[in-house]
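This is the structure, below, for whatever I ask next.
Labels run A, B, C, D and E following the written order; every chain starts at residue 1.
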């Protein structure tokens, strides 16, 4: 069987999550590897969530927020941009493929962009193969 | 029984021990030596002073899994984690550390409820003690002499080893020691000269200089009780203390642990993990109350536990003067100096 | 090379003056430990304590670590080398202490050594600086003309590794961690109590010293120190198992400086970069 | 151990065609803590809702998961359902398997697998959900309006007429604002004063309005429904209660100061009222031009005042008001055009800016309505330059919206009052508004010369030293033109008040790049701001004309009314809170919050959050290094658990 | 316990859950043994405790509230901990349903010194939630097999308000008995409260139990203890005859993990029951009893 990656998405309620809904409303098809957590704002994303997602076995993590300037909470995504940029640099220096972590600004009207990003990202992760560096292997076997 | 082997052939000895069980010995790592399982006989290395972390890890590993479970399943279906005890040879233990096992034995299996993990591992392990090299002065941090331990003290070892030129002399101290030496065919018999050398070495070891003061356990225990409430004394002593866990983690006689549950995807394990009385949350209660919020209270607990409470409860000081806590303290706090100051206080 | 004796004498002189004036109840400096090579951080609280003050090439400790221990002291005087002064600047930025409550006794220092290895540490972990960036009194001649090395030069080898090698390196290093937490306790910027890793709700990682928990602890800590780490190297020197944490912190500091144009703890009026933003920050930083 | 009910919706075929719904329900039933799992054709239908409600009671459910369409569709519906059945509405979790699963795939295997993963995440999350309740607060029914221009006046009157008490704060000594400076208003050309002064007077007379002129807001505390505002009453040196507005003082006063009201075109007395119809009709003393304050003696005004109203001992005083909502209508300034040296404003006396020209036209103005220049002569040729500093990437990119129209108005008035040739130099004429295009057409008919091209330079004429040459490129003919004129009128960019930063700080408003206050949403909430209970109206939000300003003022009044007409209001339940035991006092939360909700409690050394200000974005929780902040409904644990569930299968 | 691993809990089944107080944050759990041999080896006395264990959450040391004279089950009364952040284990316990399984380790610690109490008058003083092992003791003494081994029994029990009294039905039953003197008091009553109002120390003073051949057993919040002890000193009780039970941060419960020491004693294995004389001898670095 071909490798079907698990991709964790974290999307802000106002833009990207709504954009994802729009992708559905307009019946745009995209791969089903993404599982989305809804948060109110991309600024809610604690960098440790990203580390944890990889530990839980995510092969890729996609964060979606409003375009800079459009944040429902004014400036949330501007903080998020800095914080997540640092997160990415840390993952990269630790030796994880930085391509596994992606941040995109997707507005509520960009259903097509959402579908396109997910399609691209899934293909990219498939190419990279399973993420095993940070994945927790302990505790997994059943008793 | 005194046996000997050429140090050049020490790897043969390692191979033989590995055949009979698990061989643990100091292995060189980037920052120094640590006890680890020898996987390749060539790894055995006698060129060390002492390990960073004490060999208590062998009997009280930093992490010990008790039981595995699935959170959704009934309690009765949880599976205790098997210990898989194998014959183990703990090779190259310094006299102070060998002594520490005896002190820890009192806590873990000579009083109250017996700790099955400690007990089973201890029973399955033969201790090959190894004298410090008397030609090299003891490190500044060491003070095992103060605790009545010689640099070539066989107490606590099953087999005790002394270097003699190109040879390693090995003497059985306990019946277990006798037994294992008898089973090691590559060992040569010790000559009378070797025996004499060995005995003199041990004697000489007791004179080997470390920092030393005259310390009566009952006196220091009482003294610490007297100054227990002297905030000034303890605050001065702890002024530099960072409240990290190094001193307790490297210590051969610190045993505090925490019990915690780690879960993932509704599977979990209950385990114990070393804890340290120096950590701020060590005594944090579920109610949020913490009786030891200050650094000085924690350092006081550590010192008093070793030199007072342990004496009161078990009759001996819970310290062997190995010097690790002092050596690795990032801010050079020295328990020997604290005890010295306490006696003067 | 710094004249350590001269600094020590000046330190004693100033400490005496300050303690005599009764305006400053605490002078944070160094004292002798169990031997010369092992000095200790020291809080001089009386004129009698002044005699116990020492300064030598092993006095690496970042004294900024201690300023929050004296909530009752109206003012604190503190001996501060370059790194200590940068740490103080960050702590002032973060309002953990007020500039006016500090008397910074600046120490220009070169020739500092790691007592474990006896190697010079100057260019490795002090951000390439020899002189304090903020002080009230300078206790020696400002150091000029030293060869300046980029604080990030030591990273070159690690940056050149491919990602697999880098992963192997860091995994190997972080797996050694015994979770004694000396790194965070020695760090002047790690003042959280409790630390996130000690939290039960949420439980970010296992308490046990094994790979997943170690990774979570260290990666998150690198993040928490992003834009705040002032490159004193105390974390690495404190580590009993020799993990070169400073390398990772340095790398993050370098990235932050490149992305946000600001090095930590250089100017009092700066804001730590991760609690700040510019509208014109580029999306390129996320690529 | 929770008791979770899972309800899987088919949504007709919408979901069931690409997700095997009964398999999904069966899968759910096998998950830990799930006590009941069902699927149904339309969960949002009445029978579907009843089924959920019945199961909550029958199975004593304490968590409900509805696996259906997007939470943005029916979260509200199902919250009501479970609430009616006795469960706290926040114990509901919606799994979006329509918009984000069934509609985006045609592979039923993939769809079912993804739906299972999402559902599992929801179960993990649901276990950790906590009931939340909205805090109910008392609402103060008074409103403060900041800014006494037409926007503020209009808003204050509207509110006052509904019976609400209004505090109208104006920093000048009179209300009226820029509109009171104008002579005529476009496109109807009615007299500005004639339509404004009755309103000004109505404000003064209104029993529900407390007029606070010569006042500035100095501190704002509190939150929606309960603002606590301190206003600084600047010293007037005239006791307004005693003064009977005989104005004898202003006659005798020897001090001369520059009249801001008349845009500096003339001087006025140190003790003065800005203009004859000023409201209130009470003079103030300007310290900077008062002989007594400058030289230590004079006090002529004191001598002539029969009411003994002059009080040189007056100090600034601070007044405190409690209000439920605030309308900020602080208006605008014209851009200072002096830095645009190519236009020579401030250098050549023949160059005027728009407000100066307004005053020239005004019969109560410095020239009593005659168009005479600074040298007393009537201009023979006049050039009106549009878009000075606006629509200009080097200065302000925005269009100031009203300049085209007032420039046309100027042209008309110039033509009416003088015999001068009038040139309009414009980029294009923007005449969108009721009657505006008609007005434009009318002006074209009035023999005004239109040159489509931006004025690029104003310089003295080499031939006639008293005249100016205006250079421009006529983009219709493509020719470079040089117009000899006597008077140049600049139509500068409208920009925020010079103190906009202070106002923004006080009311925690954000500003756009030009400094105009940001509305909460450019389309759907143009009057609300990110600070709950604070509304904006008029040009402080962006340039606009009088009708739009008045409309906004009415709108802002209505918005304020929706708050203050309630006695109680519910606050957001999904706010953040600080666990003091874990707070390390780093104050990151205080630094980052766009709403100013977290504050530092110095005594306890920990941060606290004013929940009334919190909007629940969660930024503070993610910048909190010690995980002390609990972002309700999106706590660290809840998010981590959901992630764990999503990644399990 | 020789052959058993003391760190691994035995499985129990929750057979009954009783909401004790109005605030619903204290519940009593009645547990029965899943294995007969566990039941046989679980021999306890009043005053002992056990670690209640929920896999995935952790363990919590809780005093045994039932009396060994009650057969077939044991009972624990548990308060949900935490104000801002709920306590992990106690919350999980409170979320349990009847029929659920949990683990327990025990019995642990010493007990109320039964032999020492025999033939003596026993004054039981309790406050609020800290009445659980006292209830065990009282029920033990009241059992027909035991009653005559003890002298007079006086119970003085108080809570902040009537709704916060534990074991209300039992208290009522005790009040009706003649072989025990039961005084119930609340700091402040409500409309329906017909009983006594007043703080426990004041009530003790008023009742003034005789120190003659008497021992007092006190458990309660620290503030109650602080004000009650002087009352008993004044009445003439010696420190040897005042007993209390400590609460500490216990983990292992068997004296190994090293965190619950008071001076040289471990509360979990040397205690939790101490006489005031014992405590005097120990170093008091814990604020609670300072």
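By definition in this document, a residue touches a chain if its C-beta (ideal position, glycine included) is under 8 Å from a C-beta of that chain, and two chains touch if they have at least 3 such contacts.
Worth saying up front: this structure is predicted, and the values here are computed from it rather than measured.
Colleague: Using direct touches as single steps, what is the fewest number of steps from chain D over to chain E?
Modeller: The fewest touching-chain steps linking chain D to chain E number 1.
Colleague: Any chains in contact with both chain C and chain E?
Modeller: Shared contacts of chain C and chain E: B, D.
Colleague: Determine, using the mean of C-alpha atoms as each chain's centre, which chain is farthest from chain C.
Modeller: Chain centre farthest from chain C's centre: E.
Colleague: So which chain is the furthest away from chain D, centre to centre on CA atoms?
Modeller: Computed centres place B farthest from chain D.
Colleague: Taking each chain's centre as its mean C-alpha position, how far apart are chain C and chain D in Å?
Modeller: Comparing mean C-alpha positions, chain D is 45 Å from chain C.
Colleague: Where the CA atoms of chain A average out and where those of chain D average out, how many Å apart are those spots?
Modeller: The computed centroid separation for chain A versus chain D comes out at 35 Å.
Colleague: Report the inter-centroid distance (CA atoms only) between chain A and chain B in whole Å.
Modeller: 47
Colleague: What whole-Å value do you get for the distance between chain B and chain E if each is reduced to the mean of its CA atoms?
Modeller: 39
Colleague: Going by the touch rule set out above, which residues of chain D reach two or more other chains?
Modeller: 581-582, 592, 623, 636, 640, 644, 647, in rising order.
Colleague: Quick one: which residues in chain E touch 2 or more of the other chains?
Modeller: Residues 85.
Colleague: Two-or-more-chain contact residues of chain C, please, as numbers and ranges.
Modeller: 193-194, 196, 201, 204, 210, 274-276, 279, in rising order.
Colleague: Can you list the residues on chain C that touch chain D in the complex?
Modeller: 94-96, 191-196, 199, 201-202, 204, 224, 271, 274-276, 279
Colleague: Once bound in the complex, which stretches of chain E touch chain C?
Modeller: Its residues touching chain C are 85, 88.
Colleague: Show me the residue ranges of chain A that touch chain C in the complex, using the header's touch definition.
Modeller: Touching chain C: residues 47-48, 51-52, 55, 68-69, 75, 78-79, 81-97, 102-103, 105, 133-134, 136, 138 of chain A.
Colleague: Using the touch definition from the top, list the residues of chain B that touch chain E in their complex.
Modeller: Those residues of chain B that touch chain E are 66-67, 69, 71, 74-76, 78, 80, 107-108, 111-116, 225, 228, 255-261, 263, 266, 268, 270, 272, 275, 277, 282-289, 291-292, 297, 300-301, 304-305, 308-310, 312-313.
Colleague: If we count contacts the way the header does, which residues on chain D are in touch with chain E in the complex?
Modeller: Result: residues 1-3, 577, 579-582, 630 of chain D touch chain E.
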